[in-house]
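Sharing a structure here in structure tokens format.
For clarity, chains are labelled A, B, C and D in written order, and residue numbers in each chain start from 1.
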Amino acid sequence: MITARIARVALATSFVCAAAQAKDTVRIAFVGPLTGGNSAIGLGGRNSADLAVRLRNADAKSKYQYELVVLDDECKPDAGVQVATKAASDRGIAAGVTHYCSVVAMATVDTYHRFGLPTIVWGAVLPDITYKNDYKEIHRVNGTMINQNDTNAKFITERGYKKFAILHDTTDYGKGHDKYFTEFVKKYGGEVVADLGVGADQQDFTAELTQIQAAKPQVLYFGGLTPIGVRIRAQMDKLGLNAQFDGTSGIVSDDFIRGLGPLAEGVLAFREGGPAEKLPGGQFFLEKYKAQNYPNPPEAYGPFAYAAAVLLMDTIEKTGPDRKKIIAELAKVKGRDSIVGTITFDDHGQNTVPAITKYVVQDGKWVLWEESEYASGKRKLAGK
Amino acid sequence: MTLALFAQYVMNGAMLGMMYALVAVGFTLFFGVLDVIQFSHGDVLAAGAFLALGTWVALTKLGVVSPVLLLAAVVVVSALGTALLGAVFARTLVLPLKGAPQLNVLLVTLMMGTVLREAIRLFYPGGSQPQLFPALLPTTAYGVGGFHLRLDNAILLMAGALLIAATHFFITRTRIGLAIRAVAQDEETARTMGIDFRRIVLVTFGIGSALAAVAGVMDGLYYNEIFFGMGLLLGVIGFAAAIIGGLGNLYGAILGGFLFAALQTIGAVALPFASAYKDVFAFAVVIAIMAARPTGLIGERASERV
Amino acid sequence: MTREGRERLAQALAIVFVAGLSLALREDDFALFLVARVLIVVIACLGLNVQFGYAGVVNFAGATFFGVGGYMAAVLSRGTGVPHLFILVAGGIAAALAGCVLILPVLRTRGHYAALVTIAFALLFRTFLEVNDSLGGPQGLKLPELRIGPWRFNEPIALGRFEASFLLNYVILALFLAALAFALVVRVDRSWIGVQLDAVRLDETSAAAFGIPIARAKITAFTLGNFLAGVAGALSAHMVGFIAPNNYSFGESLILVSILLLGGIGNPWGLPLAAAIVIVLPEQLQVIQEYRYLLYAGLVILILLFRPNGLVPRPLRRLGGA
Amino acid sequence: MGALLRCNGLTRKFGGVVALDGLDLQVEEGEILGLIGPNGSGKTTFFNVLTGVFPATSGEARFGEMPITNFSPQAVYQAGIARTFQRSRLCLPLSLFDNLMVGNHKNLDHGLWFNVVRRRALKRQIEEGRKAARELLELFDPPLAGRLFEPASRVPMIDRRRIEICRALIGKPRLLLLDEPSAGMTRDETRRLMDDLLEARRRLGRLTIVLIEHEMSVIERVTDRCVVLNYGKKIAEGAYRQVAEDPLVRQAYLGLS
């Protein structure tokens, strides 16, 4: 016991010495998948949060020096709980920007609550994360898959499409999207002619796509992430399946376009949050990100991680690194501008102003639907 | 099901089976000469595919545009580079472990696979996301009813068949092939016949790895996309195919490859449950086959040497 | 002192050491979490040790049986009022029964063929859990707090002036179960069953010629091993409080096997050391973030090349002391 | 009807190859029968079929009054037949004692409860086992009795053979099948081994033995009677001197025409 105390004192001392320049150092955690199949998005998020911290530290007006503690949840619940315990039980950490994988976010909410660590979820989209509990510690900047699919289904049925095929991966992400899209598309009068689940590391989809082709859908809705999204779109072409490709936030990445080349043209996708490039600070974020020369792009959820980190640091500037005060302050967040749109937390900590942005690929770029030649009628979606 | 649709499924399955068979042949060759499973074989395939892509990028930057030239260069560089990689693995990891428990070899090669996979993910530019693989073959398409045949697919299928036939010819008709088979039969006797055992092992690993590289390139040309984790499942399936057929048996590996592809296609299409169960179905059948034929479909009979 | 006596003393010292360490760290939640995890993994690997190390039955689905135990615990503790202590046992029984599905192919196949059977089972299990929604599907299941009588595991400990993290509860239980499992495995090894299993592993034909029932020996080892993995899985599920298919991938099974080989196959004494290294090391490597697995895999290769019999190779069995 | 073992028309085919072809053979209680014949003549196959490693294609075998055709290896051992193997098949990483106890299987209690919980009773049984092992080794080769807890991998070939024979003897079988005990040893070692065996047999009571051997001097010295096989068939039977003169045997076995 004594040794532990000595160690702690020693640690604290070294800590103070390191930060002795003038400002106190405040540590905040970033948790996301840095290894395995979802690592691309995790690394994008990590870089974005890192960027937020760097920019703040470069700002002479900030009260504190910030340090980002990066932890890998491997997208696995037990590893997630392990690192969540590490972050939450460490009293030197004031708050956290946590989790991309819904299943991990679900597993860790109890841990954050137990230790009273304020966290902002930066990517996980399962509604239950904020709504299945009353924990004051848990917040989320991104919208849920409910909002996204509502907008998506409404939009796509308004374009006159009637027959839908759904292909989703069998992770929590894909299955959730499948559930909500099916619900909403039926509500708006669409017909689901095929609904198939596929493995998240599957490579060959020709059997599923041939089956879908036989059902003659007008739209193929895909619930899943970039890697298999690329494969499915490419293999549709192999089989001559000419349905409109309609995706979720998981494919809004440069890699989707890079992986497909010209085949990406005309693909639709929807993402929670406002369009970073149009919002105040969004362009700034993208420029600064580029300037840092990170080896990976920010991906779809990088802006959320950035926004969450900025929001946390803004709050800490006001309250100091006191977890309880941070939680109390976060509860008051209303109509706050960010690079992903306005943020207002409801009493579950969920951002209730979920701007959903519609994207379409045009000439090798994700373009806002409203500004695209597809909206103006110059170009046509598949089958129109 | 219409005939056209059926033909489409057969075509899809054949393409898949071809790739599985090429991977399985590698497993079975390695087992033949050294009685080991080279579990990083799937990741060697991925390395081959990325090497091919890297070559393409480099050549395009240098201004080469002729698809024929590009294709030839890509295949040759990838096959040679990967053959070298396979031989280096054999030299540094597999041969030193000769005589060690099978389990050690298995784990070492599995870990080597992890190293390769992670290295591609971390060090190939943008390697954590899928990469576009160029279409170097003509993509003319012929549609008959629901059947959609593309020229590149047909070419790939034929190239695969030729490659398997060539491997077969090489193993059964050439001097080195005979030496490989002699070592596979009985290492001691082969040594006394004056065959350089180490050399044959290295050559075999080189050939098997080159086959994997070609399979990787075919994979890239077929799907137009490659991914750092592509070798993981392909490796497991290739191993399963080699085992179902019976380790050490060339025909068994080919049979196993096509059988597994057939199982997956049937699981996705013809069975009354959701297609996501197709791998559950395929692996359950694999387990059942192992229960019924413990040494594979055309493996050696379970003989006890007393 | 006889050898058995020395071993008993070593066992007691090990328990005292872990208990003392945990007490010293009683307010450090994360350290306690790691200690509990190491202990849980040791229980599972003891099971694999009986299979691989003694009977020579390969099992590349260790994490799967671990998962069966976890899912059984989740189903029972969510849906029924079964006492939680029994749930841990039920987790083990469920894993043992799940193993029975594989008995026939496992008995009939050897070497790589047997490896494929278990690998196929591991892949099948995970895909099944993901696709099938009745057990929570990919979103997993939440588990309630573990309770044994009045003992509530998720409450911090406060006995008079003694205060400790709630995780100490799990450490205590895990330590108790690990000690029990360890004693069981050591006793199996140092008995006629140990001799019998070794004979089966080393030479089935000659073992059969001396009346050893091969199938029965293998079934015993396979079932006992899966039972231990299942108990460990049930305890782990309760401690983490959440289970999902992601936890039970083929990769996790490989980690269990690598712990076994690093420790020294067939020697339960190497397992705690190897488990501690494999679990704590990547945690210390968090600083290098995404490069962790690359280094970890490289390290395992080096150890296997230069210490093929593991860190603590198995000693000769000496029945009856001496 | 004093025959301990009686085989009628015992046949074993591997695919198209007839390894054992309608063998009729009797072993009298208490005798040492030599089984000879060129390589591949079916001697080891006979042992394997008899001990249940391979099922017989046709024919039957009786042990005393018991029909043992197609018994499992375990059941054959329980009936009282023990064997050694052509190539040494000890468990090399295990101690000599463990190896002997493998042979003592039928006298040991293998229940999980007994072994894990009733440690005191187990300890007694281990003590008994050690006593039995020591006694047998004292009889066979006294120096080995002091090396019970050395791994089998660390003793020389001749001692491994001795342990292998002791492993077969310790369960007190009624019939012992020895498959080429001289393989891999010098002539001198073989002679010493045979002396030990005969000495042990003298003290253990008249154990019945079937011996496969290539070394004719051994056969001549120790066997009461010989059976000669060729291509899976019995071609001669009788005392060694008698069969050695048989022209058929000389032609087949010695390659003389």
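To be clear about the criterion, contacts are C-beta pairs under 8 Å (C-beta built on N, C-alpha and C of every residue); 3 or more make two chains touch, one makes a residue touch a chain.
From a predicted model like this one, the values you see are computed outputs, not experimental measurements.
Common neighbours of chain A and chain B, by the contact definition above: C. Ranking all chains by how far their C-alpha centres lie from the centre of chain D, first place goes to A.
Taking the mean of each chain's C-alpha atoms, the chain whose centre lies closest to the overall C-alpha mean is C. Per-chain Cα centroids separate chain B from chain C by 34 Å.
One inter-chain figure worth recording: chain B and chain D are separated by 48 Å, centre to centre, where each centre is the mean of the chain's CA atoms. Averaged C-alpha coordinates put the centre of chain A at 35 Å from the centre of chain C. The centroid of the Cα atoms in chain C and the matching centroid in chain D are 42 Å apart. Counting partners per residue, chain B has 118, 274, 276, 279, 304, 306 as the residues that reach two or more other chains.
Residue positions 127, 130-131, 205, 290, 293 of chain C each touch two or more of the other chains.
Multi-chain contact residues of chain D (touching two or more other chains): 53, 85.
Chain B contributes residues 1, 5, 8-9, 12-13, 15-16, 118, 121, 125-126, 128-132, 141, 143, 146, 148, 150, 153, 219, 222-225, 227, 229-230, 232-234, 264-265, 268-269, 274-276, 278-279 to its touches with chain A in the complex. Interface of chain A with chain B (complex): residues 35, 37, 39-40, 43, 170, 196-199, 201-204, 206-208, 210-211, 213-214, 226-227, 230-231, 234-235, 238-240, 253, 255, 258-261, 263, 295-297.
Chain C meets chain A in the complex at residues 23-30, 33-34, 37, 127, 130-131, 133, 137-140, 142, 154, 165-167, 236, 240-244, 246-247, 249, 283, 286, 289-290, 292-293. Across the complex, chain C is touched by residues 51-53, 72-74, 76-78, 82-83, 85, 89, 91-95, 97-98, 101-103, 105-106, 108-110, 112, 115-116, 119, 122-123, 125-127, 129-130, 149, 151, 167, 171 of chain D. Taken in their complex, chain C has these residues touching chain B: 52, 58, 102, 104-105, 108-113, 115-117, 119-121, 123-124, 127-128, 130-131, 205, 250, 254, 257-258, 261, 265, 290-291, 293-294, 297-298, 300-301, 304-305, 308.
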